[in-house]
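Letters A, B and C mark the chains as written, and numbering starts fresh at 1 in each.
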Amino acid sequence: MTVNVPGPDDGLPPLVDHHCHGVLRHEPDPGTFAAYLTESDRPPAAGTTFFDTQTGFAVRRWCPPLLDLPAHCPPDRYLARRRELGPDETRRRLLGATGIGAYLVDTGLPGDLTGPGETAEAGRGTGYEIVRLEALAERTALGVRDAEEFTHALDTAIHHASRTAVAFKSVAAYRHGLALNPLPPTPGQVHTAVRDWMAAGLSRLTDPVLLRHLVWQAIATGRPLQLHTGFGDPDLRLDRADPALLTDLVRATAGTGTDLVLLHCYPYHRHAAYLANVFPHVYADVGLTLTHTGPRATAVLAEFLELAPFGKLLFSTDAYGLPELYLVGAALFRTALASVLGDWTASGAWSADDARRVGAMIAADTARRVYGLPASEPPG
Amino acid sequence: MTVNVPGPDDGLPPLVDHHCHGVLRHEPDPGTFAAYLTESDRPPAAGTTFFDTQTGFAVRRWCPPLLDLPAHCPPDRYLARRRELGPDETRRRLLGATGIGAYLVDTGLPGDLTGPGETAEAGRGTGYEIVRLEALAERTALGVRDAEEFTHALDTAIHHASRTAVAFKSVAAYRHGLALNPLPPTPGQVHTAVRDWMAAGLSRLTDPVLLRHLVWQAIATGRPLQLHTGFGDPDLRLDRADPALLTDLVRATAGTGTDLVLLHCYPYHRHAAYLANVFPHVYADVGLTLTHTGPRATAVLAEFLELAPFGKLLFSTDAYGLPELYLVGAALFRTALASVLGDWTASGAWSADDARRVGAMIAADTARRVYGLPASEPPG
Amino acid sequence: MTVNVPGPDDGLPPLVDHHCHGVLRHEPDPGTFAAYLTESDRPPAAGTTFFDTQTGFAVRRWCPPLLDLPAHCPPDRYLARRRELGPDETRRRLLGATGIGAYLVDTGLPGDLTGPGETAEAGRGTGYEIVRLEALAERTALGVRDAEEFTHALDTAIHHASRTAVAFKSVAAYRHGLALNPLPPTPGQVHTAVRDWMAAGLSRLTDPVLLRHLVWQAIATGRPLQLHTGFGDPDLRLDRADPALLTDLVRATAGTGTDLVLLHCYPYHRHAAYLANVFPHVYADVGLTLTHTGPRATAVLAEFLELAPFGKLLFSTDAYGLPELYLVGAALFRTALASVLGDWTASGAWSADDARRVGAMIAADTARRVYGLPASEPPG
């Protein structure tokens, strides 16, 4: 079996996947599998299938060889072989071929998913946790009686999380959009907003006062804060997820010492790169975007690298549910990076030494610095 | 004579041009010809000519050989030969070389233009009509006495059109911008808006209440609704034509069973592709955009294909006035598609079978499904 | 010594750099040098350096050979050699290799910088001045007693400047954003705004009424007006610098006979190209953008050339402080242009004659027409 994944022999250090999610513990049925290929939470249009997307084609390109099948084999055949091997062996094979050394897992998504340690173990790497603020707040609210108790419990929960998690994450882009008032709300505003939210039966947290409170509470811990920006599921208004809308918040947080990591960014990745260029505490992430753009990942990565300082860009997969998405994310990143840096070196624009150094920064070194990870992972 | 148009022998089925316009019945003078090369309705800047644009260069690349002249010959020589042949022979030669099998003609533009059947006949294809809503409403208003009569007449006109036309089209982007209230207006709101419009002397229809009413009346018929998005003439505010602004309308219409087709999209084509990705009833169109970007059509098509599901993207030319624009639109589409899919196949990212299948979808198959056209056209 | 700068032998006429700034008269220390590589006015993030950007890599690629060092040599070595040669010799060598024949210098930036004549002399070209409106107004305000006197003094200053300068420049994008009321303010509004500004102690001029007044006063002179659009330093909100926001001002100024030149534009350069396409008096500039995108300058220039009419696009470097930025700007422009036009010619999309003609337009001819420069510069 030839594994046509550009792997650990491409000169990159073990990758740090600084933003990902657990994978399904159980075998998904074909419809469920296909649904994980898209950010949509809706059925495919009549006459179409989610396999006919760049993500679907990328899965069919990279994964079948690891399950002893030819690349591009039909979905049915692939899914049949997957069932034959079972979820554990599939996961072991796919994650084992990614060359990822550290998994920073956002644990805030629903489903019977592997946790950070469990995910990392299948890939023979190290797992770390990222705490999603809105999920933490919603969970915290379930066990309290009133607004005051909630505020205290939330403080405690965030403080506690900051000792074990490597970062926090905000999905304010989904819940409200990024055009947030940049200042921290006052205690009185927070109290009123919590009371109203509890009175309304603790529905999904969308109050911009509470979303801002979470952001500022997380920032106070000094842990890097990941912010969803750019595309996602249909719950989001794309134009309200433009990272440029965060400019005022970026300015307001410039003196805190806390780093902000703009996730995904597409199709506003040039905007995100600009923010990373001019604000020292802003970083940008290529994850999700590369996974969903297939052979265009090369061009999109190059667009990120127009204005993003080379020490401000971070690899991730944003894989969720399927171990296939880890493999595809890593393979597309490796392919795109090799292509971009190879072209620039061949033309004389960059030196080979610089290209190697920049590749390692994006793949792992910057994430290790930003999240305070050990210089390399202990053997798994 | 060598026809250097990548034509019917490139493996694609006869193209379905799902959005185009009639061509001039009479020979245009040189200034009129040049004016059709741009979306602008203004004169060229001093010292410049509309021939010095990607559209102008593309016309000079593809069309002269079909009139027995060398590619890139000077505009004057081309126009002289065109006059020599006359409009009928020119049209016959240019349309006959496009490989377009079905012409879906928006009949709402002014000028002495060929109709759907007449256009299609010159290209030996089949013609279908698309009804432009604002033009229909303005025409309907001329023959009625009051608001009530207008509302009934409009209902009748839309109902009637839905039995003969294959789709409706809205140019709300021009008339107001796409940031429309997503809900259908109430009958009372419509009545008031019609009354005000009639009282104001039936000037150009720009009232957002009426624009929304037209959109919702069209949607109620079940026929696909084409929406102008992205660039166009100077009448339009580009930032107000971002298809992302349609998100709330897209959500509000998700349960209707009617498809929305986002036209043109550029430079927001990645936004349009995103909407097509996450909403089952949203489609995106590459027309106009490819025609105006010349050798960059390859890169722009590739950008569409980042997030757009492959069964959600549609070919068109948006040709208007000049048969040259049909040829250029078809030739740039064929060239761009062959280049993009060829590269992806050569690198192993896609299989050749998949590339062939996706090419046929974009060229014709998806349009046939969405507009309910016969699987293939009867011989002309 | 091999000078690997694509230079005067590439067939282009002497370049017209239609927007640039003076360079430092004295040798900068290493930190100051690095700070000029970025648009940021803040320190680099911990663990990063401004040399690890496309601008830093481009300086290391193009400049060391002109100081007798190998391309891509380490920053320290380059800076040591620079000190050894001294600022005058460095400037002479770097500017002398650009092939720029005319320097249009915006004199409104602070620092001990060379003026237009002094800059041009080092490059053996001709210098011209561009007057920055906000700086002119702030300077004028220092010497007057009341609002009325200011208004008269400003009129005089603008009138005077219009006789010596070749253009005006507005940085309203920085001071307020481009979503300005498109109409000229009334004399009463101007009077009130000036009085309030003076009462507030003549702080930085940010009042939109005054910014509009400056724009309209400049337009009245008939000199081309350069408008900052797109990216810049962190003082700017990127999304408020989208040139599409200028559409209403563009419409309002269409009858004045004055040309508007949209500077920089990135990442909204497709928006700027669209405006240049549909409005006769709008032009677009590639400066700053190419300098900061390194080997991506080719792709970005190609994006400009999608919709921009070929006689509407202008070369500049936007160099500031370092003569290195002149060399990098010119070298990246020449490289990108040769690559783009070479590809399009090779594929048959463009003829070689057209490519040569368009190259000369962007490099120099259009700027000579727009700014009323002599057809060629007298020998220096």
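In this text, contacts are C-beta pairs under 8 Å (C-beta built on N, C-alpha and C of every residue); 3 or more make two chains touch, one makes a residue touch a chain.
What you see is a predicted model, and the numbers here were worked out from it, not measured in a lab.
In the CA-based superposition of chain A onto chain C, the rotation angle is 120 degrees, rounded to steps of 5.
In a homomeric contact, the two copies may use the same or different surfaces; for chain B and chain C, under half of the interface residue numbers are shared, pointing to different surfaces. Put simply, the C-alpha centre of chain B and that of chain C have 38 angstrom between them.
Shown for chain C are the residues that touch two or more other chains, namely 299. By the touch rule above, chain C contacts chain A in their complex via residues 4, 38-40, 42-50, 52-54, 57-58, 61, 71-72, 231, 233-234, 237-239, 266-267, 292-296, 299-300. Against chain C, in their complex, chain A makes its touches with residues 242, 244-245, 247-248, 251, 254, 270-271, 274-275, 277-281, 299, 302-303, 305-307, 309-312, 343-344, 347-351, 353-354, 358, 361, 366, 369.
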